[in-house]
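What follows is a group of structures, each given as structure tokens.
Here chain A shows up in two complexes: once beside chain B, once beside chain C.
Up next, the complex of A and B:
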């Protein structure tokens, strides 16, 4: 039995990890700059909020539709990535997140600036889920997202993404169709972020346009970069650490943007690969320790020739 | 909505559009210059703009003289911009492009929180009684603030044009913008040119920040956010790094925004409309207004 407060924190950590994993697919794996992950998270959250409040769907019935809506949004907003690259794409994603927020506020269907409230609780085995069972649902979704990300990274698609990220022209020359793989990345990443949005909507139980604007998108980017862009462990570590940090230290809550900002600048100056990214100081140290430990446990008889 | 199309309204709209375009141009030109030399999307430029407004207010309260306040704020903001270049962007130049972009985002969110901590979360008034009157200019009455904005823009851009086209510094800056490595080989002091670009760009942004603060009689922490994002979009539309393209795009945006928010019934906020236009333009002319296909 966990304390209700701890459950809340753990659930939020799980939700932000899923969203961060989504951004990691787009920006980390495929290398497409995106400063507007809130668009996809918001699409998922608003889709499930509208389906469950206005159309009478249950959580489980709305879930596939909401994820499909986010994936579609990812596909549509991925189309511009075929025409513009790098900095233009980053600016474009900033523009999109503001257009999205503005549409949610001004179009009459989305509840205006107040958003949609009274999003029902998720149900589990026919009864409304308590916070504890909801944590289990989030955990399951989290594990699924991890599995998907790790599988994709090792798959043919992951290799294609890596080659596009490193050198698009060379990848194209080798017969990898950049447009197709970019669209895959946007669709899959958006679907993951949308899953996070759905879980967020049914946990907080109301959604407003401001929850998915530019600043929340930047927070997710901070999480991914903090942990290590392009790695699942980095995205998860960043999301968990930056979710729990303001809870542990009150002053972090008060000076959140200042601390996030200074952290980002220092990290980019001294450890641009992120704390746990491939080749970063901490990660190399951890690997070295792991190898030493293995050698020690196996009493010196290591299969690794020279750790 | 019905609007009479009489001459007074139209000319007033024209003044508004030009003033808005001038403000966009002042932030976009710095962003374009900086992108031109370093290929960095300087998101923190919005923070410099806000810093300019705060510094202007501080110096105005200290000295009681607007000219002193404007010059003081421009110099301090320019130094701030130069420090950012020296200690944040310069070490990042050899690293991948996303590193500087993310550092810039970090700097930006840290700056706006810094203003909140130093000056408080509340909106401050920037009241300049000397500019409260209206000036009659051939049948059109223009408010004193609009005069400051339009006059300042003309003066600043004339000076900037002269510096870029007719001084050795401007020559060096143009060379660096064309090819930083070759410029270095040719004996141009690249570091000094880049520092100068940051100083000039930041000072111009600070002037924009002060005039907007006087125009709306308000200084607040997030005043630069929206205009900064629009500025970034403007340099994309102007054709990356092209100063004249960015300025042209800025004035077009000022006119389009004024016309569309007054005469069209689009269910979006003013900034939403502007962003939508910018997104559509980037999509259909990714090479920029003046760029070649």
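Up next, the complex of A and C:
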């Protein structure tokens, strides 16, 4: 039905969106700078790779364990991160990602620099999934991640996170325990990133330590900030757009990184809140259009309670 | 309601609060006044747990609280505002208050995710916004609002905890005359409802009008305590404010 190339791009867009949504919980909502999301994505990917190649688990059997492992990793790395804020936290998270990468390379259990290959295909209804079915699985996981993110944002947990992000001392004096809610954010965000890692491992079907190192972590942060930090739509848009961008500019070949870089510089200069962030030009335009549309549909009477 | 005994805070080489003992009774409005640098805000920060006491005790509702973390103290029933306002800027006015209202109901992971009380929280928060006269800014981002509104928002937010004791750190400063009168009225209403209020204030007129009793701090020490009328005639107070020759 769809071209194999298009399927590959769409699948990668879905996977990176999920990872970006995970980082958005930690950095966007709870405001905890993290330059090492690869740790959690990698934990999920390696957990499922090991369980399915060495322990004979299927994709579906390994999935919950891999997500739990990532969540645990989020919790554990969250503990030292509680002691520091902002720039020191960013540096600490960079340290963590290098430690993680090195452990994968040097410890004997993880296949060294070559990683783990022959990760089996996911199965669906008893048969190995084709790339097309796999795309549907990724899509379902993507929709689930969106739902989780939106739910969190609507719950009091989301408000607690945002108040800590805005002013930790004020939140603390208001009865919100920053350490506890930061740990929740690390755990939940890591679980989402781990889900992305699992899907990545069964799509690419081999994992190496370098897939989850510092640079990939930075790329995810760029996606989230590009789209608009703190919003689900921003994380998804950033992930999709920046996955597709290098493909669109395939014809300029060697200059692809140049275009990627120039895009980032220009966007941050002219729209520092991200392309679809709250209060950004594009987002205000879209909201305005939406309101006009609703007014038109409802015969000129606006039912928008609080425009 | 609240007692401090020999409460002391030293910062490297500087004693910000020195051996302050006082008692605030239930249902009164208690003023803490003193020249700049007298240690008033440090005193508040110790009451709310943001700055740990070097020595001494704080007893609130019969419990020692000087070793508790700020969120524990808040949940015990002490709400506060800040001298330099600290709103959650990227949240709306309503969300600012909702964050505090939720604290009462959300004590663990699952209750923090529970949405069944959303509507109730919202109603409580809206009522508080009305009470503090900031309801018409409900959907504005706090970061876009002027100081007068933010001062009242901080009070509404602190009230979201439904505290027994409210600490107001110069909540009247930077306000217009009209706003000051509104706020005085609000504090009177709160006292009528049985809330205890401690306020730090520079505006003498407000202090004299509003406070049942006043303590005067100077260079970290309590130099006087009593009814406003007594305080204004105290030689040490006059000396602290006008210089020792006065």
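Structure notes:
Quick note on the criterion: the second predicted complex is superposed on the first by the 286 of 307 C-alpha atoms of A that agree within 3 Å, B and C clash if a C-alpha of one lies under 4 Å from a C-alpha of the other, contacts with A are read in each partner's own complex, and residues count from 1 in each chain.
In this text, contacts are C-beta pairs under 8 Å (C-beta built on N, C-alpha and C of every residue); 3 or more make two chains touch, one makes a residue touch a chain.
These numbers come from a predicted model, not from an experiment.
Judged by the touch definition given at the top, the superposed model places A:184 against chain C, while chain B stays out of reach. Contacts of A:204 after superposition: neither chain B nor chain C is touched.
In the superposition on chain A, contact of A:166 is made with chain C only, not with chain B. In the superposition on chain A, contact is made by A:175 with chain C only, not with chain B. Residue by residue along chain A, chain B and chain C are tallied for touches, and B comes out ahead. Contacts of A:155 after superposition on the shared chain: chain C is touched, whereas chain B is not. With both structures placed on the common chain, the touch criterion links A:102 to chain B but leaves chain C unconnected. In the three-chain superposition model, chain A touches chain B and chain C at no common residue.
Taken together, the chain B residues at the contact with chain A in this complex read 35, 39, 41, 88, 91-92, 95-103, 105-114, 117, 226, 229, 232-233, 236, 240, 267-269, 271-272, 275-276, 278-279, 282-283, 286. Of all residues in chain A, only 27, 33, 35, 80, 83-84, 86-88, 90-92, 94-96, 98-99, 101-103, 105-108, 214-215, 218, 221-222, 225, 229, 255-258, 260-265, 267-269, 272 touch chain B in the complex they form. Looking at the complex, you find that chain C touches chain A at residues 48-50, 69-71, 74-75, 79-80, 82, 86-91, 95-96, 98-100, 102-103, 105-106, 109, 112-115, 118, 121, 139, 157-158, 160-161.
Residues of chain A that touch chain C in their complex: 151-152, 154-157, 159-160, 162-163, 165-167, 169-178, 181, 184, 230, 278, 306.
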